[in-house]
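Same chain, two partners: chain A is paired with chain B first, then with chain C.
Now for the complex of A and B:
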């Protein structure tokens, strides 16, 4: 029972990342009709926002310490972050320590701006082109973004730790009457799950309860009619692209302490997120979230040793296996609407 | 009737012996290897092919290897301060290139993919006339390129490759490895682990699912079981895994009190980060503190794992903090040129370039068979690892191995590992026919043309 609970937590955590990325993908597909293969790169850019903020907050001045030597035997240069000299060692240290949460504030405008630039600068020219063209151009864009990041940040993962307050893990075992250590889960991963839930709820609330969201939903249902009513739906869809980019970026920022960011991390999530979107139903936002969590949990359970001893390698194929079965039984996905990608 | 003692058989024997005796002095000179061979340099230059990952997950290691290669070429051509040429026990190199020919180089991008690495090596051999190929940051790639060089008839001086198979079942006559291997890591680590953690331990292995991971795991399991440890489980993790939480989560319930991460590169960074996030290092199991072991360490990777490496034991081929004259000379050359200390990947490829050049000088030829013979059984010192030997039977270098630990209080961004022990060569040596290295055939050298 404790093992099942542990994998359930793992699945929810994995599913959070899948759901957040798939949600953005679906938003873009549902509004603009574009299959955006650069969406994984937006997730990666979000993680590198965290890296950048951490580096900016750690910008230091150097002083020579005559008592220490560097690796060549010369007097060592000691680095002190400016924030520590401005706010004192304690406060300055705390600011650097909290660089990942601080990066959220930094990432939202940056990612919206990147989304705008991507949509206005490149993707809008491909609206009327076939999906194959859209896939090629966005995939190419993803590779370009990857290489640019690698050029500036290198190829190796960059450690981006969570604040000290979230280090360690929570012992669910004690809480639920199991043995101590039976069900432990890292604090930051729990934070990630909670954060994902809030972002998903915020996006749904925005679409459901604001006039802007209502117009966007109307545009998703019938773009032509909304346009005929004199509403500039294109402008709103561009804003939605920016919001989708911000959602992917926020998912990346918060993911940075879980796995040290590297330039390739977007691609690792992209394919799985597309499967999530297809399983959930193209264009269905609730479907994307549902499928994200469902596939995350399935993937987690399939990596249990007892399952793998029965079907070796099942953890690598489970998502695709389930995708095949669901598409055979429900060709439009779990919550797909009629007419989407069917014309 | 003739009474002569001369017979036809005797005449043949005598002729063969006389011929052999006359030829003997020239075996070690260029004349013996004068026959044509692949990419024989005819002008005033000789071209070496540096095949490193310039893109892909090991691009940073590839970049450091490339820096070391450029430094080695500079030193061979008489530039810079000469680096380890000054401390190398062999004095055949004079700083005038190799055999009087200026050293030039071409580079290829392995992308850490076997097919891409073979394609770039092939291009350097066929189009650029490279007489030797060297490099790599992955055993899968090294084994693939080694096979290609054997077929093409050029020498392959392997870079960072740690699988037992490179000089085990996949060894080739044209291939040589300076780097240590999984068996050596295990043999060096086991006594240190026994001293620190005792003999009553149960280990849980997470293992990268490819040639290096398998041989590393097999080696460390055998070494730890030999000292009394038990093995709770060995879980193979696909190379493409990025989130190891599903693999780490069951560890505490398994009854194990040690987690062995047979991972390298991004896998190591991510699995170690997951293990630390799950709080394994703060837990107690079986009344003992839970411990993590990383058999193969790399400073570049330790940087990626950040604070998570503190206090964790592993092994490494070389470290910039060594204080022997060779290491100091190399760190000084490299550090003054690039502004930071070299990695173990940089060190091993620099050594390989020097060893190749030295062998060519001693053999008096670029013929791969002459160079192979000069390297086989070659004993040397002054290249940072103490007394070292290129064993003739499998082309594996035997030398001391470093057991290291993630430093608790680093003084700089490079000061991540501290040397716990320099394990003497005798302790990590094994028989040529050891079960973990069996099944291969070195074959005979191929000069190509």
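Now for the complex of A and C:
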């Protein structure tokens, strides 16, 4: 029982990342009908927002501390971040420590802006072109973004620690009456899951309860009619693209402490997220979220030793296997709507 | 000739001449001169030109003719490589069994994967093929280690049986004794030209494959594939089932990829799982699109183009740049170099990405379409200046749309 609980929890954080990326992909696909291969790159950009904010906050100046000497006997130089000298050591230290959550505030406007530029500058011209062209041009864009990041940040993963308050693990086992240390779960992953749930809920609430969201949903159902009613649907769809980019970016920001960001993390997630979207059903938002969590949890269950001893290697291929089976048995995906991308 | 139209024959002959004289053409600059780094006539690179040419020609039979975009073609390349190396391990270093087996196994895998994937089309097909390729990659890395040697890559060891290996045969891949790595260097003054056995073998095979591709393009079967790309619904209404045709195209292109993989292993008896990764599949897509999908010569051009510039660009470093721009005033020089720096050397992929985007946006027909536009523009100008413009539109290179 405790083993099952542990795997369930382990699946949640990856599942949250899949769900967030897949949600953004589906938003773009459902509104604009574009298959965005650069979405993984947006996720990666989010993670590098966190890196950048952390670096900016810890820019420091050197002072000579007369009390200390270094190993050569010279007076030691001490680095103090500027924020510490501005806000005092206590407050400044806290700001540096909390740089990843602070990065969220930076990431939202940046990612929305990037989304706007992408849509207006490039993707707008591809609505009338075949899907293959859309895939190819966004694939090219993904390569370009990836290489630019590599140019600036190098090829190595950059560790981006979470705030000290969230270091360490939470012992679920004690809470539920199991042995101590049976079900241990890092705090930050809990935070990630909670954050993902909030973002997903926010997106759904936005679409469900605001006039803007209503118009967007109407546009997803029948773009032409909404346009004929005198609503500028293109503008709203552009905004949705920005929001989708922001969702991917936020997923990346918060993922930075879990996996040190490197320039190809986006591509690694993209392939899986596409599979998630297809399993959930092209164009279905609840389907994307459901499939994201489902595949994340399935992946973590299949990496249990018991299961691996029965079917060796299953943990590596489970997601693809599920996707193949679903596509063949239920071509529309779990919750796909009729008439979306059907041939 | 050979059952080809005149245009196609001349195209084939041009390609044949180019590949046969490649050691001369690719080495136009004398050794040691400042421009020698633009030489591409060394055996390793030339082999890659033709092997990736074969890969891209095969991919084009699927994507160019039927419009089905496979994002998992590298799986067949990897499977081909693994089967060839296994043949080296079991039978000996003669490359014939290895190449034959690599074509057969990749064909079988293509039959299986194609049978399943081709039930869907469009983006679903792309994702299914991608899923299969990633699955093969993950399996080759982990569970199939006894077959693939995992991360180390499959290679031939001294303890391998090699049942048909005899003492007088070379201990590297060979064709009845002719070593694949054997190179004859021709020194002509400051120039030096390398004639490599492996390259010529690959080149001859590529010519054969190119000829086959022309025949497929011009056959009723090829026409059927083009019809699938143009309008599948209408084909269904005429009472034709497109599935067998697409499956045949998929298997053929998978076999091309397997052949390329087998040749790759024959040139360098090593097979690694990273050959199957989806970035490798992406590369062949880039080549085909860049050259011109659906055209005969496009994929070959694209493969050569990408491999050439990959080599040349990644060799250009800051020292070289300083040499080039030494004539500029100092400040200018540094400024220019700072601008160019991100695009060369390690930044080659950035240039490739930008170039690829530009091609998809402005030239959907690839380099071939670019060439056609230039020719058409020149012809129009010539026509205006007195001569009557002849409307003999080129038939051999029009995209199959």
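Just so we're on the same page, the second predicted complex is superposed on the first by the 326 of 343 C-alpha atoms of A that agree within 3 Å, B and C clash if a C-alpha of one lies under 4 Å from a C-alpha of the other, contacts with A are read in each partner's own complex, and residues count from 1 in each chain.
Just so it is clear, a residue touches a chain if its C-beta (ideal position, glycine included) is under 8 Å from a C-beta of that chain, and two chains touch if they have at least 3 such contacts.
Note that the structure is predicted; figures quoted are calculated from it, not measured.
Visitor: Pick one for A:157: touches chain B only (first), chain C only (second), both, or neither.
Guide: After superposition on chain A, A:157 lies in contact with chain B alone.
Visitor: On the A-aligned overlay, A:76 touches which partner chain: chain B = first, chain C = second, or both, or neither?
Guide: First partner only.
Visitor: Just checking: does A:316 make contact with chain B only, chain C only, both, or neither of them? Give me first, second, both or neither.
Guide: Both partners, chain B and chain C.
Visitor: In the superposed arrangement, does A:328 touch chain B (first), chain C (second), both or neither?
Guide: After superposition on chain A, A:328 lies in contact with chain C alone.
Visitor: Quick check for you: in the superposed arrangement, does A:236 touch first (chain B), second (chain C), both or neither?
Guide: A:236: touches no partner chain.
Visitor: Where does A:141 make contact in the superposed view: on chain B (first), on chain C (second), on both, or on neither?
Guide: second
Visitor: Contacts for A:300 in the overlay, against chain B (first) and chain C (second): which applies, first, second, both or neither?
Guide: A:300 sits against chain B, while chain C stays out of touch.
Visitor: Do chain B and chain C touch any of the same residues on chain A, and if so, which?
Guide: Residues 316 of chain A touch both chain B and chain C.
Visitor: Quick one: in the complex, what on chain A touches chain C?
Guide: Listed in rising order, the residues of chain A that touch chain C are 35, 122, 125, 129-133, 135-137, 139-144, 146-148, 151, 267, 271, 274-275, 278, 282, 312-313, 316-317, 320-321, 323-324, 327-328, 331, 341, 343.
Visitor: In their shared complex, at which residues does chain B touch chain A?
Guide: These residues of chain B touch chain A: 55-60, 233, 235, 238, 240, 242-243, 245-247, 249-250, 252-253, 266, 269-270, 273-274, 277-279, 282-283, 285, 300-301, 303-308, 320-321, 331-332, 335-336, 340-341, 411-412, 414-415.
Visitor: Within their complex, state which residues of chain C touch chain A.
Guide: The contact residues of chain C facing chain A are 67, 69, 116, 119-124, 126-128, 130-132, 134-135, 138-139, 141-144, 232, 278-279, 282, 285, 289, 342, 347, 349-350, 352-354, 356-357, 360-361, 364.
Visitor: Contact residues on chain A for chain B in the complex?
Guide: Touching chain B from chain A are residues 2-3, 6-7, 10, 13-14, 68, 70-72, 76, 150, 154-159, 161, 168-169, 181-182, 184-186, 188-189, 258-260, 262, 264-265, 268, 299-300, 303-305, 308, 315-316.
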